[in-house]
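Here's the structure we're looking at; comments come further down.
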Amino acid sequence: MAKIPELKSQYIWLVALILFLIPAVNPLGAPFAMSDVTVKIYDLMQSLPEKSIVVMGGASVFAFDIESSPGMIACLKQMAARHLRLVTFPLGTEAAQYHKFCIDAARVDQKYGGPWKYGVDYVLLPYTPGGSAALISFLKSVEATVTLDINGVPINQLPLMRDFHSYKDIAVWMCPHWGFIDIIRYATGECGVISVSFAQSAAYATFSPYMMAYPGKVYMTNGYVGGAQYERLVGIKGLGHKVVDSYSLISVLIPALIILGNITMIVRMKEEEVEAKE
Amino acid sequence: MISTDPWIWLSALLSISCFSLLYGDNKAFRWAETTYTASVIGHSVVTGLVTLRDRFYPLYTGAQPQYIVPLILGILSIFIVWRKYAWLATISMALMIGVGTGISMRALIATDIIANTRAVIGETAGILKGSPADQLGNLIRVVFTIAALWYFVFTLIPKGPTAKPFSWIQTIGKYALIAYIGVAVGNTMQQFTGCATSAIYRIVGLWLGFG
Amino acid sequence: MSATVTYIRTYLAQAVIIVGCLAMLIGYFLVSPEAGRVADELNIWNMNVGTFTLFVGIITIFMRYGRSIINRDPNWLFHLYCLVVIALWVPFGTLTGVYSDLYQTLYLNTKITLHITIIGEMIFFCVSAMYRTFRIKSFRTFVLAFLAALMIVFNAPWLTTPFPQVGDAAYWLLNNPQMAAARAMVICGGIGGIILGIRILLGLEKGALRITGG
Amino acid sequence: MTSIELTVVEQIIRAGRTFQLTFMVIMGILAFLAYRLAKRGREWKIKPLEAIEMLTEGVGRAAEMGRPILYLPGISGLSSAQTMAGLTVFGEVCQKAAEIGVTTHLVTSGTDVVAACEAIVRQVYTTIGKPELYQPGKYVKWYGADQFVYAIGAAGHILLDKPAFVVQCGYFLSDVIVAGETASRVGAMQVGGTADQSGLPLMGICCDSLLIGEEIYAASASITGDKLATATLAGEDWVKAILLLLMIVGVLAWAAGSKDIWSLMGM
């Protein structure tokens, strides 16, 4: 008796590819619900007084951090509209590029018609080596840690940096990066700074104990869905919305395949039992 | 309409070559992979040069003359890659290990150990009051943390009548960890889906002009 | 190198490790402005020395690939291509500036494109692996497969929109059972890290210096 | 403690860090004590681990099927504790397999790991009295240093060699799924182990049995019977026991209306 065949991986991949192509060619505009934690972060940013300094920084792997970008880009738009100020502090060689990417994509600079002026409303600092050592030093003394901005201009010549000396001047630390744990450990744990992450889904599991250890001080959204929610709160449609479309289809495929796999296993076991009896 | 931007063409071709991995090892994938390696190394060198300028700017201006010491130690640290001269990097490595160890120890004790242990105790408040879902959640947090922590105890093996209850707790711990793996892997699918969406959109949307 | 020099070097390195580590701990725990200043200065030295590690990769790759090209190893042409790309990349990046728009365009369209695609491909492997491996043969596999599938569905917009409670359930699963086990792992990792640090301080852990032959 | 004494302590130790410092000192004493006891010959028994039993079963399965074993120690180098733990387990698997005539291959990404593994395989064949079976380059494969080139190399090796048993033990990230899925395709039994929290869930998708987190260190100490490695484990276990006690007493005290332990830990 012929046994039920196992599906070849290539066939499964082909189905998955088709499911990715459908929304890429024809966006579905799948609806999604809002979650409390995303609204909480939005409200927190809304509640900050004008001119508050927000730091965006941490250790980064750009390709992974792309998952944090929908929420971060939307948040940058919100910050610019609220007249908050931003300083970036990259702790990974890719983080500086990532910060520039987010700010460019948010179109908040005056060169894109946005309200922010470089040096006054936002400053991009260059990559600083040393990981957690650099972070500790930065929290204690900005001037001792960083001397030049990304354009090679001494930071004491930038108006914004004259108001920013240590962790005491930071209203919120935004970390759209994989390296959020260090921000919690040092910025929140040691200095009491509120930290927020548009956490990547793969990292949420790792970050969650730290979030629970500092209730009311650490906030994070979950993956692309969280990013799409923030996009909606700010009123834009970006990568978050695109991924929600694909995810809607993939989230049907995977459970269906798990069920199919189990049916195949049960049928094959029964067939083997029959064969054994014969 | 198909893009005329050469950068989009380059990135689309690299993406397709990279996707060819699904058919197994091949020359196109090797090309993409080699380009990836080269870009990683190239970027780290370019960043390194700019960072050197920034880090030693105070030495150049004479504001911090003592930075000559880390400059020498830094140059010596490069010798780590030559087995014969690796000993020259000993002090530089020792400095990085020493400072790094101290920094990580203070964070680990404060956040990973004490703050998390306090959080477990503090969650008792959530067990005693709140919505049923929150109460159950807090109870699960406390029980699962204790059980999973006990699961990671390897050399204290209770004997006699207490052995069974302790072994049950370890079983609960084991299933807590399996639950962690299940939930975490389910949640992770968002990230992979997102990256695949981004890569496919680059080919279909930006390059071919659909969508 | 004489045995005496090796001996001095080993103990000097051990002393530097202890001073560096203790400076960081004393600066954190004790109320002492002097200790704090020493810790801050050592911290900055550490960052400055760390800058040079960015060049270790290029030296390693030139040594390894150079050997491969000379020996005409199977993939020597790719290795040659890699070195050529690096040789072009570095002057390009230095001339245009690492934070310029042009450099950013190059970087986004090569390195980042490739990295995102590589990670994106994992979804294909995961999908087929879940079909093949999540077969419920025991209670353990049931818990694993059930929770993974549940989490995937609970994050799905098509379900959370008509039933927002499902989205709350996803957070409940992440923030309670999942978090508890992750917390136990964090605590264990923390203990392991500190014990390792103490062993380094006490000179019981030689592995740290083995890399330099110290 | 009187208020005057408290002020003295606060003048020396920063506020909120007294308990942290005390606990760290206790940990140091316990770690040193375990080390001294091990030096004096004290031995500890390690609880049985299911995945270790699966390793033996996997070797037997490979022998039955007449197919080889593949071992993957991950993407880090010898400086990683996880890689070292993985290599210790590799030595044991390789020897068990060699004793019953099963070949074990290893694919790695670190060049330093290649050299170490060649030495391990050579030693294994010398130990079982068949040094002539060892040939450099036959058992240890290196396809490239990059995370995914290594993973694809391993996947290609699996498709070609069709191992009956695949072990992935060491430091892994998302690369684990490439070799893991391919091993599932050829019907290989799989055991995995890593302490990395992002690699571990993906390992859960493809492996039949897992060494979760710190279990990989326990497995390596248990397999070799290394006294000092076991002493380190014992020292850590004492600390875990103290923390467990603090948690349980703290929870019960809080339930009874006292926050003293919680407050003490925040001192």
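We just call them A, B, C and D in the order they show up, numbering each chain from 1.
Methods note: a residue touches a chain if its C-beta (ideal position, glycine included) is under 8 Å from a C-beta of that chain, and two chains touch if they have at least 3 such contacts.
What you see is a predicted model, and the numbers here were worked out from it, not measured in a lab.
Chains touching both subunit C and subunit D: A, B. Of the two chain pairs shown, B-C and A-D, the one joined by more C-beta contacts is B-C.
With centres computed as the average of Cα coordinates, no chain lies farther from subunit B than D. Relative to the centroid of all protein Cα atoms, the closest per-chain Cα centroid is that of B. Remark: subunit B and subunit C have CA centroids separated by 5 Å (rounded to whole angstrom). Separating the CA-averaged centres of subunit A and subunit D is a span of 30 Å.
Between the Cα centres of subunit A and subunit C there is a gap of 18 Å. Across the assembly, subunit C contributes 28-29, 43-44, 46-48, 50-51, 53-54, 75, 98, 107-108, 111, 115-116, 118-119, 122-124, 126, 128, 130, 132, 134, 144-145, 148-149, 152, 155, 170, 174-175, 178-179, 182-183, 185-189, 191, 194, 196, 198, 201, 211 as residues in contact with two or more other chains. Contact with two or more other chains is made by residues 9, 13, 17, 63-64, 66, 93, 96, 126, 128-129, 133, 136, 190, 201-202, 204-206, 209-210, 212, 222-223, 225, 247, 250-251, 254 of subunit A. In subunit D, the residues that touch at least two other chains are 17, 20, 24, 144, 148, 174, 181, 185, 197-198, 201-202, 204-205, 213-214, 240, 243.
Taken chain by chain, the contacts link every pair, so each chain touches all the others. Considering their complex, residues 174, 181, 185, 197-198, 201 of subunit D touch subunit A. Residues 21, 24-25, 29, 33, 36-37, 105-106, 109-110, 113-114, 117-118, 120-122, 124-125, 127-128, 142, 145-146, 149-150, 152-157, 177-178, 180-182, 184-185, 188, 192 of subunit B touch subunit D in their complex.
Those residues of subunit B whose C-beta lies close enough to touch subunit C in the complex are 7-8, 10-11, 14-15, 18-19, 21-22, 30-52, 55-56, 66-67, 69-71, 73-75, 77-78, 80-81, 86-87, 89-106, 108-109, 111-113, 116-117, 119-120, 133, 136-138, 140-145, 148-149, 151-152, 173, 175-187, 189-200, 202.
On the side of subunit A, the complex with subunit D involves touching residues 9, 202-203, 205-206. By the touch criterion given at the top, residues 10, 13, 17, 20-21, 23-27, 63-64, 66-67, 93-94, 96, 126-129, 132-133, 136, 146-148, 152, 182, 184-186, 189-190, 200-202, 204-205, 209-210, 212-215, 222-225, 239, 242-243, 245-247, 250-251, 254 of subunit A touch subunit B in their complex.
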